[in-house]
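Please find the structures below.
Consider the two complexes below, in which subunit A is the common component and subunit B and subunit C are the respective partners.
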Partner chain A sequence: MTPTRWLLLALTVVGVSILAIAVGTIPVPISAIWDAVRGTGDTQLTYVVRALRLPRVVMASLVGVGLGMSGAALQGTMRNPLAEPYLLGVSGGAAVGAVLGQAAGVGGVFLPLAAFAGAIVAVLAAFVVAHAAGARGDPRVLLMAGVVVGAFANAAIMVILANAEPNTVRNALWWMMGSVGEAAWPQIAVLLGYILIGGGALVALGREIDVLALGEEAAAGLGLNVDTAIRRVFFVASLLAAATVAAAGLVGFVGLVVPHIARALGLRKHRPLLLASALVGATLVVSADLLGRVLRPPAELPLGAVTALVGVPFFLAKLRRLT
Partner chain B sequence: MSVFYFAALFSASLLGACQHSEPRDAGSVRDDFGAAVIVGAPPRRIVSLNPTTTEVLFAIGAGSRLVGRSMYDAFPESALAVPNLGAALRPNVEAIIGAKPDLVLLYASQDNRDASERLRQAGIATAALRIDSIAQFERDTRLIGRITGDSVRANMVVDSVRATLDRVRAATRSLARPTVFFHTWDRPLITIGGGSFLNELVDIAGGRNVYGDLPGPSGIVTVEDVVRRNPDYVFASPITAKNLRADPRWQALPAVRAGHVLVFDTLVVGRPSVTLGAAARSLADLLHPGAVR
Partner chain C sequence: MIAFDNVSVRYPRATSDALDRVSLATTRGTITAIVGPNGSGKSTVVRSLIRRVPLRDGRITIGGQPLSDLSGPDFARRVAVVTQREDLTFPVLVSDYVALGRFPHLGVWHAAGPADESAITAAMGTAGVDELASRRVDMLSGGEWQRVRLARALAQGGDVLVLDEPTAFLDVGHEMAVFELLERLARDGQTVLLVSHELNLVARFASHMVLLDHGRVVADGRPVDVMEAGVLERVYQWPVSIVADPIDGTPTLVLKRSR
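Here is the complex of A and B:
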C-alpha cells in the first residue's frame, strides 16, 4: 500500500470522527468544533462537544481499533476468514467475566482483567469442543464451537442475574447490547492503555502470524513452535477483545468485517494488515455509533445492534463462499 | 421511582399500551384486558400484585383479607406482613393458586395477559387494572371498593386525594411554570411521558414536563435530547441526583450546572396511589417553595 493510501485511510478516521462530533440531536457547526474542544467557543456547545460527543467518538474509535486488530490476528492465525472475537465466544466469555467481576466489586483498571479471564476460559472451551468434534482443521467447526460457547456464556449471565436485583439486571442487559453512549475519560484512559499494550504486542507478533497463516505444517517446517505461537496470539487477541467488552459491552462482527476490508486494500503481511485493521475498525465503529444516533432520533440504537445489522449479511456472504 | 413502576412502564413502552375500557355500572364490569369481573359476594381471600392496589385495599379497610402480594408491595408497612408471592409482572401462577384466593388483582401489562387467562381458567376471579393516570387511580379505587364491598371508604379515599390535588393546583395556578425533566431510569435513560400520573403531578405542582409530548407513560430518551430541550429543573431520586451531579456527561445540561436538581421523595412520589395528593404537594414545594399552604 502506498503512503498516499495510508494517509487517506488515516484521514478517513479523522473525517468520520469530525462528522460524528458535528452531527446529532444538537448540531455542532464543523467550524465550531475546534473552539469547543479547546474550550474557547460557545459555552453550551463546548459542553456538548467535551462532555458528550468527543468521549463517545474516542471510545468508539478505540473499540474499533481493538476489535479490528483482534479479528485480523485471529483470522490470520486460524486461517479462517470467519474468525472474530464475537463469533468465537471470546466476547461472550469476556462478558461473563465482566459481570462476575462487577458483582464482586471489581472496577476500573481491573475490570478488563476480569473480562479477560472470562475470555480465556471461553477460548479454551471452544478449542476443547472443536477438538472433541474431531475436526480441528475445519474452520466451520471451531466457529460452531465458538457460537455454542457464546450461547453458554449468555445462559451463564442469565443465571448469574437471576438472583440479582432487578436494577442490576436491567443495567447489565443494556450494557450487553453494546454502547459507547456513557463514555467517560477515566474509562477511555483504561481502554487506551490496554489497546496500546495489546495492539503493540500483536504488531510485534505480526511476523509469526504471517508464518502461521501459511498453515501449521509449513509454519513448523519453517522452525516455528506452532502451538506456542497460536496460544500467544490468542492470548493477546482475547485481551484486546476483553478490554473493549469491559468498556462498551458486546459489539459483534466488527472483527469479522474489518480485516476483509483491510485485505481488499491489497495488504497481505500482518504488520501492515493489523495497522490498517485498526484504522478501518475505528472508522467502522465511529460510523456505526453515528448511524445508531441518527437513524431514529431522538432514540439511539444500541451499537451492537447496528454492527450486527451490517455484519450478519457480510457473514452470510462470506459463509456462502466458504461452502 | 419504584422498581415496579419502572418495570411496568418499561414493558408498556416496549409493547404498547393495551386498549382501555370504562367499567359499567352493571353487576359485572370489564377490566383493562376486556374480561368480565363479576361483582357479587365480597371476596374473602385477595391476592394483589401491584403496589397501588395493595395500598388501596389497606386504605379502604380490606387489607386484612389479603393473602398474597408482590415483592414490590411495601405500602403501608403492614403490607409487608402479607405473604410475598414474588414478581408482579409475569407472576408465578402456581404460587398464586396455592394462596387459594377468590380474587386476584393484577397490573394490566401485556406481561400479565397469560397469567390473567390461566387464573381465570383455574376458576379464580381476576381483574387486570391499568393504573397509569390519576383518573385511572380514581376509577380503579372505586371499582375495587365495589368488588370488595367497601364502596363508602373507597369514595372517601378518592375524595380526599382529589381535594389535596385541587388545593395544590389552585395554589400554583397563577405562578410561572418552569420546565422540568423527570429522570426515572439511567440505563437506558428513561423519562415520563404524557400518559403518566407523574406528568399530571408535575402539571398540578406548577411545572411543565419537557417530555409531555411523549404519548405513552414513559419513553427512552438520550442525554443529548434532554440538553436540546433544556429544562429549567431536573427531578431525580436521591441516588440519581448524586450520580447526575458526579457524571461529567450531565454537565452538558445547564440545569445540572446551575444546581437545579430537585430531589423528590421516592416513598411519596413513586406510585399512583393514595399518596397522589401528598406527592403533588411535595413536588410543588420543590418547584414553588411556600406556595402551597
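Here is the complex of A and C:
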C-alpha cells in the first residue's frame, strides 16, 4: 500500500470522528469543535463535545482498533477467514461476568472489571479444554474449545437471567448488544492502556503470524516453536478483545469483517495488515455508533446491531466473489 | 550431516511405533532418498526432524550435534524443510513468501539487511522463479509453486535440504525439472534428503536409498542394492520386475499385472 493510501486511511478515521462529534440532536458546527474541545467556546457546546461526544468517539475508535487487530491476528494464526475474537469464548465469558456482576448488584466502574474477569476465565477455560483434548498447538482444536466454552457461557447467562429482576435483564441485554453511550474518561484510559500494550504486542508478533500462516509444519520447519507462538497470539488477541468487551459490551462482526476489508486493500503481511485493521476498525465502529444515533432519534440503536447490519452485506458481497 | 540413530517414534494414542529403531545417514553433496509404501513412516521422518513428534528412543544429529541441543532457529539456519503440503488461506506475493525463508536469521525484531536481500535474490535465481516475484502464490501452477517453495527453503541459507514428496502432483516434465535442480544443488554442496514415491526417478538421481516398511528400514544402500524385485514385491505387495534403463542402465521398476 502506498503512503498516500495510508494517509487516506488515517484521514478517514479523523473525518468520521469529526462528523460523529458534529452530528446529533444538538448539532455542533465543525468550526466550533476545536474551541469546544479546548473548553473556550460556547458552554453548552463545550459540554456536549467534552462530556458526551468526544469520549464516545474515542471509546468507539479504541473498540474498533482492538477488535480489528484481534481479528486480523487470529485469522492469520488460525488460517481461517471466519476466525474472530468472539469465537474464542471471550464474548460469552465476558457476558457471564457482566450478568453475574449485575445480578450481584455490582455497577459503575466495577462492571467492566467483572466482564473482563469473565472473559479471561473463558479464555483460560478454552485453553484448558484444548489441552485436555490433547492436540498440541492445533488451532482448530483451540477454536472448537472456544466455541464450546462460548456455548456453555450462553447457557449459563440464560439460567442466571431466568431468575433475575426485569431491570437486571434489561441492563444485561443492553450491555450484550454493545454500547459506547456511557463512555467516560477513566474507562477510556484503561482501555487505551490495553490497546497500546496488546496492539503493540501483536504488531511485534506480526512476523511470527506471517510464518504461522504457512501452516504448523512449515512454521516448525522455519524454526518457530509453533505451540508457544500460537498460544502467545491467542492470549494477546483474547486480552485485547476482552478489554473492548469490558468497556463497551459485545460489538459483533467487527473482528470478523475488518481484516477482510484490510486485505481487500492489498495488504498481506501481518504487520501492515494489523495496522490497517486498527484504522479500518476505528472507522467502522465510529461510523456504526454515529449511524445508531442518527437513524431513529431520539432512540439509539444498539451498537452491536448496527455493526452487524453493516457487516452482513459486506460479507455477502465477499461470499459472492468467492463463489 | 543428518543422522538418525535407532530412532523410534510413536504417535499419541497409537498402538505401534511409526518409526521403529530407524537408522539412516546422509552424505554431503549427495541425494539420499527415503522410499516406501503409504503409511511406512516416510513423512514421520520429516516430522521428527522438525520436532512435531517427540522421539520415544534413539537420537537425531545434525552435523554431529544432537538435534535436541539445537534451538529452532539454529536448526532452521542449517536445515531447510519443504513439507508435503502447504495451503495458504491468505495468499501472499511470491517475493514475500520467499523472504520468509530469512525468518530463522531475523527472528521477530531484526530488519532484513543486504545479506538477507542477496540470499533471497540468489535463492530465487537458483530455483528459476525470479520472474514470478510479483505474482500471488495462489496464481501459480503446481510446478511453479513447488519451485517457489524450494526457493524459500534455499533462502534459509543452510546446507541441508529436506523435501517431502517434492514432485507430488507434477507432470513428468516438471518432475524431471525438480530432480535435475536437486541434483545441481547437491553437486554444489547441498545435502539433500528427500521422501518420494517416484522409485524410478529416485533410482536415477539419488546416490543412496532407504526403503521403509511399517516404520522399519528394510533395505538401505545404493539404488542397485535397494531396487531388488523380491524386496519391493514384498514391501509394496505387488508383482514387479526390475529392468535396466535403456539409456543409462539404472535399475527401473516395471509393474506387472496382478494376474
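Keep this in mind: the second predicted complex is superposed on the first by the 245 of 323 C-alpha atoms of A that agree within 3 Å, B and C clash if a C-alpha of one lies under 4 Å from a C-alpha of the other, contacts with A are read in each partner's own complex, and residues count from 1 in each chain.
Simple rule for what comes next: a residue touches a chain if its C-beta (ideal position, glycine included) is under 8 Å from a C-beta of that chain, and two chains touch if they have at least 3 such contacts.
Remember, predicted model here, so these are calculated numbers, not experimental data.
**Q** I'd like to know which partner A:Arg207 touches here: subunit B for first, subunit C for second, both or neither.
**A** The second partner, subunit C, only.
**Q** Quick check on the superposed pair: does A:Asn171 touch subunit B, subunit C, both, or neither? Answer first, second, both or neither.
**A** In the superposition, A:Asn171 touches subunit B alone.
**Q** For A:Leu301, decide between first (touching subunit B), second (touching subunit C), both and neither.
**A** Neither: A:Leu301 stays clear of subunit B and subunit C.
**Q** Is A:Gly76 in contact with subunit B, with subunit C, with both, or with neither (first, second, both, neither)?
**A** In the superposition, A:Gly76 contacts subunit C only.
**Q** Which holds for A:Gly181: it touches subunit B only (first), subunit C only (second), both, or neither?
**A** It touches subunit B, and subunit C stays clear.
**Q** Just checking: does A:Arg263 make contact with subunit B only, subunit C only, both, or neither of them? Give me first, second, both or neither.
**A** So A:Arg263 only meets subunit C here.
**Q** Is A:Leu222 touching anything from subunit B or subunit C once the two structures are fitted on A? First, second, both or neither.
**A** So A:Leu222 only meets subunit C here.
**Q** Which subunit A residues are contacted by subunit C in one complex and by subunit B in the other?
**A** On subunit A, no residue contacts both subunit B in one structure and subunit C in the other.
**Q** Quick one: in the complex, what on subunit A touches subunit B?
**A** For subunit A paired with subunit B, touching residues are 24-26, 44, 47-48, 51-52, 55, 166-167, 170-171, 174-175, 181-182, 184-185, 293, 297-300.
**Q** Help me check something: in the complex, which residues belonging to subunit C touch subunit A?
**A** Against subunit A, the touching part of subunit C is residues 12-13, 47, 50-52, 71-77, 80-93, 96, 100-101, 103-104, 106-109, 156.
**Q** So in the complex, the part of subunit B that touches subunit A is made up of which residues?
**A** So the residues of subunit B in touch with subunit A come to 3, 6-7, 10, 185-188, 220-225, 227-228, 247-252, 254, 257.
**Q** Which residues of subunit A touch subunit C once you look at their complex with the stated criterion?
**A** Going by the criterion above, the answer is residues 75-76, 79-81, 134, 204-205, 207-208, 210-211, 213-218, 220-226, 263, 268-269.
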